[in-house]
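Scroll down for the structure; my scribbles are underneath it.
Chain nomenclature is as follows: A, B, C and D, assigned in order of appearance, with residue numbering initiated at 1 for each chain independently.
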Amino acid sequence: MPKGFRNKLHEVIYEADTPEGKLFDVILLILILISIITVMLESVASIKLVYGKELDIIEWIITGFFTIEYIARIISVKKPANYIFSFYGIIDLLSMLPKYIDVLFPGLAFLISIRSLRLLRVFRILKLGHFIGASNQLYTALKKSRIKITVFLFGVIIICVIMGTLMYIIEGPESGFKNIPISIYWTIVTLTTVGFGDITPVTPLGQFLSALIMIMGYGIIAVPTGLVTAQFMQDNKTPENTQVCAVCNADHHRDKAKYCYNCGANLHQ
Amino acid sequence: MPKGFRNKLHEVIYEADTPEGKLFDVILLILILISIITVMLESVASIKLVYGKELDIIEWIITGFFTIEYIARIISVKKPANYIFSFYGIIDLLSMLPKYIDVLFPGLAFLISIRSLRLLRVFRILKLGHFIGASNQLYTALKKSRIKITVFLFGVIIICVIMGTLMYIIEGPESGFKNIPISIYWTIVTLTTVGFGDITPVTPLGQFLSALIMIMGYGIIAVPTGLVTAQFMQDNKTPENTQVCAVCNADHHRDKAKYCYNCGANLHQ
Amino acid sequence: MPKGFRNKLHEVIYEADTPEGKLFDVILLILILISIITVMLESVASIKLVYGKELDIIEWIITGFFTIEYIARIISVKKPANYIFSFYGIIDLLSMLPKYIDVLFPGLAFLISIRSLRLLRVFRILKLGHFIGASNQLYTALKKSRIKITVFLFGVIIICVIMGTLMYIIEGPESGFKNIPISIYWTIVTLTTVGFGDITPVTPLGQFLSALIMIMGYGIIAVPTGLVTAQFMQDNKTPENTQVCAVCNADHHRDKAKYCYNCGANLHQ
Amino acid sequence: MPKGFRNKLHEVIYEADTPEGKLFDVILLILILISIITVMLESVASIKLVYGKELDIIEWIITGFFTIEYIARIISVKKPANYIFSFYGIIDLLSMLPKYIDVLFPGLAFLISIRSLRLLRVFRILKLGHFIGASNQLYTALKKSRIKITVFLFGVIIICVIMGTLMYIIEGPESGFKNIPISIYWTIVTLTTVGFGDITPVTPLGQFLSALIMIMGYGIIAVPTGLVTAQFMQDNKTPENTQVCAVCNADHHRDKAKYCYNCGANLHQ
């Protein structure tokens, strides 16, 4: 394969600076969306009954495209192993494999729905294309408060383990709280204020402890909220200068100010 | 029709600066409220059984008023098509049409409840009347953080599609998660911490993934909250100057600045 | 009745500056708590069966005390009508009346639980006693953002009415959404992320609209949170001075500063 | 026992400055995690049936370690009673006791799950090791807004008692709201937006009051969130000066202040 063609292919597939690269990303995104909608529709029994054949054809066409894309990605990159064993490489493989396996082992057809993981490529395409600038800011704020949120979630999980165990002791294995993992699951359902209601406490003591868990969950949601808000606020601050005017001593100058806002003196002398 | 009368009519119906205009808005608001309460009461089987006739008469009277209002709106505006095909124009038409259609095709009587969409006019009336100043501030803050909230909701939907598909694969079509759209619906119910409980995971792996979705939903609610809070805070900040330097055209001056930060020229000359 | 005694009684009952006044408040609080616990326990069928007689005696004793307190409040105040027809006056009367009426009409015994409304007196006692300073700050912040929160809740209710009606049209009267008021109730349950699950949408379109309502509810909770947070922040700001030093032109002085922090000049000359 | 050995033991067990101390903490943490996982697995009926014997052996080994640790903690501390009757001392005792009691009274085996309380030691180990610095900041912010959050939760509980009683009066003992404690439990479930759905109002008035409770719960969650956010923000603020004026003893000077705001004295002399 000529090196020039490989470079061109790499540019189109992996980059988004050229019109061809952008077009490739947009087409890929549309194909992913169509493939996901097809998989969704096929999972609905009544639709599959009527349009099963048409959906199957669309799936084969898309699987074909995905296979070509997969091969193109491998041959256009210098070290194919880097792509093949990367997160996206594995997802791309898993997105087309089930359709082929299905011919041999028909029972695994439903695995094709793993294809929806390709939707994650949206984040990569958005990042390349920069066509939504706001997502960057969101991402930065979340990344900066990542450690604190992890510590918080870690504390939440410890509370859930302890409270879940207590609920199991109180309600007993004869109730819905039949074992500790289920009790912990229930505690997470309750603390996060989801509250399915498939399992509910029936003893007065269990209901009392539940009430405590709920009020705790209602109160501590303030923590991640506070963390992220404080982060957003800090990122929004207009940067001030630390300069002090040598003539009039005024401070709090605008960032990059050249002259004093108060006396007009040159700040850079 | 004399032009003077049409102008007067336009002033009364579309504006709220004159006493007549305000009175028209208030009467319209009261009529809308009455019509909605009537429709509500009529939908309750036990009430309809007893007061069906009275409610029907009230509905006919209000439909009459709405019809007159609709015609008046059309004749008082210069380009009737602009109103007829506008959002409010279509709602206004849909609010009275079902009552007339009902005489011919009795089965569609329940469509009259679409009339409650007219309640949206409250927002327009409030805006015209300015009688709640606070709504403006709320609206501005929401509008400013609109793009970021959209990006956030977009990310939430992608998470829901992927997680919903995974839940479908894990729980299988024999459980409540009978197809992917239902699974995605369930994921939205769970991530937003609503948690109906009509569908619940039964496999340990499904419950584990559910717990992850819940904790995620509990954690990322911080994002829209942080965004809107940061916006509100910024709106509360000490404002910058709107002055533009006459010499170098620099703007965004510090409040109370006397000299241009960029060229040192006196801003008050 | 001697005037001095009435003044003394007024001081003890309505004020909390004297030791006797404080003692009265504390005793009243304890009696209210005991009365509420008694009423609670009596409402539990199994407890009433065993301890019904004892609970009845305690209730009679407390009703006696409340009656004496009620009469004392009337005779110690200059204009008894002011107290009798006040919010607290009516609650006080309703707290003891059911016990007496019960002798004549036994069926109304359960009304005694209205006594728990007396718990509201806690707020009044706390206010008088000032023993929790923080409540004041909370109250002020909530009061200041009251108007904006009202506008927000008003908007929420309009959304609920419109969405509830649409859900009724989509799901139809044969489903759980049997009439519009029930549909609106369901929309409130869903938008506030409570999600009981007693009524759930079954049609695909209904589930789609539900998903929209949930995501909306998940997103707009940011609004009251942002409002109250911004209010708290503003109340926390260290007050700065608007003074500018006449000698060195430095500003942003501490509140109540007498001398310039920059050059030491007297600011009040 | 030689004093040197006891000191060394104390250093290893109670401190984390030496490599041995850190190693001890890490091993203890791993043992606690294994013991909790073992207890969890044993509570699952199907797992106990197959691996009951193996799990029992692991539990006996860990109970042995915990017993040695417990004795070591007692002998290494100068005043053993301080440890024995401390919070952690009692948990440590309760973590191993049930396994021994189980030999005599087999019915109490499930109490061993109380061992999960030992997970609380994670917080202590984290604190000693300082290996997550962010937890400190979270802890401080929560501690500072503790009083306000308590006042808020106190208000929430009063609202729940009153609303719960009203719901009991409205819905009546024949419905799911069979007594006042259950009604209050339901109100907490609803106000915190958990919404299990095991008990739901059926009367129109009950549903109306429920809607009010939900909207209230949706609105007032802003309060703890606002409190904690404001606290986080304040901790992020540019600090004041710690200087104290040598002349007049005034403090809380502006950062970078050169002269005392109160007496004009030079702060840098």
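Keep this in mind: a residue touches a chain if its C-beta (ideal position, glycine included) is under 8 Å from a C-beta of that chain, and two chains touch if they have at least 3 such contacts.
Every value quoted in this text rests on a predicted model; they were computed, and no experiment measured them.
Student: Report the chain whose mean Cα position is at the greatest distance from that of subunit B.
Tutor: Looking at centroid distances, D is the chain farthest away.
Student: More C-beta pairs touching across which pair, B-C or B-D?
Tutor: B-C
Student: At the subunit C/subunit D interface, shared numbers over all numbers used: above half (same) or below half (different)?
Tutor: Comparing the two copies, subunit C and subunit D contact each other through largely different residue numbers, since under half are shared.
Student: Rounded to the nearest whole Å, what is the centre-to-centre distance of subunit B and subunit D, using the mean of the C-alpha atoms as each centre?
Tutor: Inter-chain centre distance comes to 41 Å.
Student: From the C-alpha centre of subunit B to that of subunit C, how far is it in Å?
Tutor: Inter-chain centre distance comes to 30 Å.
Student: Give me the residues of subunit C that touch two or more other chains.
Tutor: 152, 181, 193-197, 217, 221, 225, 227, 229, 233, 251-252, 262-263
Student: Which residues of subunit D touch subunit B in the complex?
Tutor: 193-197, 225, 229
Student: Show me the residue ranges of subunit A that touch subunit D in the complex, using the header's touch definition.
Tutor: Interface residues on the subunit A side: 147-148, 151-152, 155, 158, 161-162, 165, 168-169, 172-173, 178-181, 184, 190, 193-197, 200, 204, 207-208, 210-211, 214-215, 217-219, 221-223, 225-227, 229-230, 233-234, 251.
Student: Report the residues of subunit C in contact with subunit D in the complex, numbered from low to high.
Tutor: Spelled out, the residues of subunit C in touch with subunit D are 36, 39-40, 43-45, 110-111, 113-114, 116-117, 119-120, 122-123, 132, 134-135, 137-138, 141-142, 149, 152-153, 156-157, 181-182, 185, 188-189, 191-198, 217, 221, 224-225, 227-229, 231-233, 236, 252-254, 257-266.
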